[in-house]
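Below, subunit A partners subunit B and then partners subunit C, in two separate complexes.
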Partner chain A sequence: MSDLLEQLVHGLTLGSLYAMVATGLALMFGVVRLVNFAHGEFYMLGGYAFWYAYAELGLPYPVAGLAAAAAMGVFGLAYERGVIRSILARTWHVQLIATLATSITLTNLAILVFGTQPKEVPTTLSSTIADVGGVRMAWQRPLVLVAAVIIFAGLEWFVTRAKLGKAMRAMSQNREACAVVGVDVQRVALATFGISAALAGGAAALVSPLFNIFPDVGALLTLKAFAAVIVGGFGYVRGAIAAAFLIGLAESLAAGYVSYAYKDAIAFVVMVAVLLVRPQGLFGRRIGI
Partner chain B sequence: MRAVRWTVGAAFLVAVPWIVAAAVPGQQRYVLHVLIFTALYGALALSYDLIVGHVGSLSLAHPAFFGIGAYTAALLATEVGWPFAAALPAGIAMAGLVALAMGVPMFRLTEHSFAMGTLGFALVTQIVATNWVDFTRGPLCVTGIPKPQLGSLRIATLPAFYWMGLATVGGVGLLYHGLTTFRLGRAFHAVRDNETLASAASIHPLKYRMIAFVIGGAVAGGVGTLYVSYVGVLCPGELAVSLSVNLLVMIFLGGVGSLRGVLVGAAAFTALPEILRMAPTWRMVIYGLLLLIIVIRAPDGLEGVIRRRPSSSGA
Partner chain C sequence: MRLTRRSTIGIAVVLALALGGERPGVQAQGATPIKVGFASAMTGPSAITGEGVKWAAQMLADEYNAKGGIMGRKIEISFGDNAGTPGEAVSAVRKLADVDRVDVIIGQTHSGACLGALPVVKELQVPMVIEACSNPKIRELIGKTVNEWAFRVNPDDVMLANQFARYMSQSTKSVSIFAQNDDFGRGAAAAYDVAFKKYGIKLVSTEFFDRGQADYRPVLTRVKRANPEAVLLVMLASEGSVFMRQFREVGLTQKLYARGSMATLEFLHQVRDSPSIADGLVEATYWTPVLDPAWEKQWLDRFKVPVRVHGSLAAIAFRYAVAPAVEQAIKKTGRADRKSIRDALEELDVANTPVGRIRFDDTHQAFINMLLVEINGGQLKILERIAIQP
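On to the complex of A and B.
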């Protein structure tokens, strides 16, 4: 029984990670209709930024975590200006190949700079074990879950109340109409990339103490987060979050009870199964994020 | 005049092993090795372009089809002792069947989702090849794959493999030309350029996408079979996603949807590492940047430069 509970806790940690990455993907797709194949690499770079701030500079954990998120936010802005802006008007083929090319470049640059040896960043919370009624887990895991809930609540508030968030929602529904009524669509797109990349950086700062950081972590992560976006109904953020937790739980249960070696195939199996039954995703298609 | 040019060109290509032996006696083996890779990569890139360039479906599943064909033939040859003449069709058929089976759920996806779904399929295939150790020998690799033997004709020397590669790229080139030029080719392009209009003209998009996907997958499986019969060893690393990136660089470098462009791209791409001569990691960084620049600045590739006129390609 405690075994099952432990697997569920692991699944929720994974789900939080996938949800934070998937939210970024869904926001980008919702606002500018672009799928960022390099999103997993944002998480990877966020992990290295966190490692640098925490292990090399010796900053306290909360500061290092926020620094990693902020650094990735700035990276997201630069990415929008440097790569995305020149391809937004092009066909989806061009967009897809350009972001895929970015992902390959970033992965291999990371190998050159940091090497293939994984970086371990244990924190006090990830190395002390909590024992809750026989269920043993690192304190970092509840922290990840709580932080994820706070982040999603903050995001929900942001897109429903803040002016920029409202503009993002409006743009995801009708870009032309937004431009007509004077929304600065370029600035909103820029902000969306900043926020999405910062979310990936924040996710990296939260889970890196539990999982190691290595250069090619990104490809599988992009795939799983994208599977969550598809299963959740394309571009619908809440659906993506729910689907990400579903995939995280399925993966951790499969790793515990079916086969550890094939756990990475689960997200894909879930995606194909859902698509065969409900091509529009579990939560249906709706307009906007 | 045209026929003469073709005959001379073909004679030159067939005579390459002797020309190489006369021109660079010391490095003959090395040059032929590069040429064999160029020919096999050219055939693989053509089969990939059939899907990406002609029906406009950005599949990333090609490493999986290549690997499935290669593993089928390699395991049949080493474990069951099938002759090459039976293992090659088995590799082609298996890759084609898997493409058919995967195409059904995959083509429910459109655009990005299709790309991501096929990428997922490629990753899962590699995971299976790595972890199903009892069957594929996993990271220990399948070794001792026999050289091809057709009756009394045994392909074992480098010039023989060169002619095999040449015949492969020639055959695939003819198939590519035949499929993309006539009525079928026009249907492919209709589906690529305007799906709605194509369906209105009773050209069923799914049907033509499936045709291209299955044929492309089967050919990739065949090339995989020939590739392992040349190299002699098959490891799960051959199925890596980076193969898709290499193929994308080739077809975009040369020119999407053009026979000449794809072959030029494959030749330039295989020559590139020999010119660059640096660590594979640096190479991938350069490929990534190259692909990024080409796709943003010159989406028609070298073919666009050769033609000097805007292409109608939708990619």
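On to the complex of A and C.
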């Protein structure tokens, strides 16, 4: 029983990470209809920002975490202005190449700037072990889960209650109509990228104390988050969150009970199986956050 | 075509330069640099190895060139990025051989990349000295009768596994293997499977992981369930630090053995907040900084980070195989082209190196010393130095 509980704890930690990254991807797609293949690299940069704030500047963990999220928020705004805005009206091929090129450029820039040695950012919580019903885990793991829940609740409130959030929802349904009724669509798109990047930065600050930060860390993460977005129903944020947890749990159970080497393959087989049965995604929604 | 006065003068100048250049050209022949290519993973999840190789190569080139090069010929270095994969290794070798026109290659650091590069060095007839690829298959693919252009300095995992399993059998009866899911990890796992049987060690389970994984806890739970006496890790320091933290997080206390770069300064640097986290881990290796303190100091002074094992292995290959072979080739033939370097490598015999004697047998394999290095109190300690027999 404790064995199963352990696998569930791993699955939920991984699911939280995938969900925070997938949420950003889903928001971007929902609002501006663009798949950001550099989103994993946002996580990577967030990790380095957190490392710099926490390990180099010596800021307290919560401050360093918020600083990383804020730094990535600013980066997201700059990315929208510098890269995305000029390609939004272009074909999907151009968008694909532009975001992929950004991904490769950011990875190699990280190698140049930070080197290839992984950065370790252990915190008090990641070094302190709790024993819950025979399951040993660093306190950082429950923190990741709790923080993820709070972030998703906050996001839910934001998109349903806040003016900007409502505008994002409206844009996800009909961009042209929004423009006609006076919604500043460029400002909403800009904010979407800021929020999505900040989410990736926040995820990095939460998870980096458990895992390493290295230039290539975002590559696989983008794929996993992308899978969650597809399974959840493209552009549907709640679906992406649920699917991310599903993938995290599937991966953990596959690794724990079938094969660690093929856990990623098994997670993707789950994705293919879901899409065969429900091509519109698990939650069967049309596009809309 | 009518020749104007100006064009006639121009042609004369060009001819004068071309013909007049003949004699300086002969002199320049003697001063033509020796072009050495270093192939390793410069990008991708294994880029840490390539960075070490790059730094080592720059240090070596500066050091040799400050002394006037080898037999008066400067060293010119080039790099090929194999990304740690067979496919990219092919491109790396072609780039080094065809574009950079190197005389000799040192590489490829990763077994999969080595396996990919071997047919290409044979096709392009460029000598390659392997410094750190331990997949046992490589030995079947190099040598006088199979591929006369490839040479390997480091021992393979069959050689290491036999000695290491003998050592483990003194205190361990059951082991789980946890290895990288690539040619290095799978080659080592297969070699240890055989060696464990030979020495009466029960192999409880074998698990593979893809590099760049974040969470090892699911597999650690499996290890916990299998409950072996010891775990053999086939992994590099970059993964090792996260793995060790999660190993302790899960509460495992098994004895640890390793192949890769766990008992290294790189690893200890990464776990410097908890230096004794891997105390008791014993690694089978063939290089550790104690073997060459001057190199370690030179590295630290220049790069301010702990000496990297893969850079050091490339340096061993350069200093004690490639450089003496180039010198020998020039002495014997007056040239340092690919063929003469290859011939010199076949005849190479350097007795006193930090890693033992370097002399290639008919399979182009050298037999340097094997080391058992232990992490103890956050420090590295050589437990045994074992001479590997051909």
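Please note the rule applied: the second predicted complex is superposed on the first by the 286 of 289 C-alpha atoms of A that agree within 3 Å, B and C clash if a C-alpha of one lies under 4 Å from a C-alpha of the other, contacts with A are read in each partner's own complex, and residues count from 1 in each chain.
Here is the rule we use: a contact is a pair of C-beta atoms (placed from the backbone, for glycine too) under 8 Å apart; a residue touches a chain by one contact, two chains touch by 3 or more.
Fair warning: this is a prediction, and the values are worked out from it, not measured in the lab.
After superposition on subunit A, the partners subunit B and subunit C are seen to clash.
In the superposed model, A:L14 lies in contact with subunit C only, and not with subunit B. With both structures placed on the common chain, the touch criterion links A:S86 to subunit B but leaves subunit C unconnected.
After overlaying the two complexes on the shared chain, residue contacts for A:N212 are found with subunit C alone; subunit B is out of touch. Judged by the touch definition given at the top, the superposed model places A:L220 against both subunit B and subunit C. In the superposition on chain A, contact is made by A:I111 with both subunit B and subunit C. When the two structures are aligned on the shared chain, A:D3 is found in touch with subunit C, with no touch to subunit B.
Within the superposed three-chain model, A:D264 lies in touch with subunit B and with subunit C [touch as defined at top]. The residues of subunit A shared by its contacts with subunit B and with subunit C are 107-108, 111, 219-220, 261, 264. Considering their complex, residues 56, 58, 105, 108-109, 111-113, 115-117, 119-121, 123-124, 127-128, 131, 241-242, 245, 248, 252, 281-282, 284-285, 287-289, 291-292, 295-296, 299, 314-315 of subunit B touch subunit A.
Contact residues of subunit A toward subunit C in the complex are 3, 6-7, 9-10, 13-14, 17, 107-108, 111, 115-118, 120, 122, 126-127, 129, 136-138, 207, 210-212, 214-217, 219-220, 251-252, 255-256, 259-261, 263-264. Taken together, the subunit C residues at the contact with subunit A in this complex read 43-45, 47-48, 50-51, 181, 207-210, 212, 214-215, 217-219, 221-222, 225, 238, 241-242, 245-246, 248-251, 266, 269-271, 273-274, 305.
Those residues of subunit A that touch subunit B in the shared complex are 35, 83, 86-87, 90-94, 96-98, 100-109, 111-112, 219-220, 223, 226-227, 230, 234, 261-262, 264-265, 267-268, 271-272, 275-276, 279.
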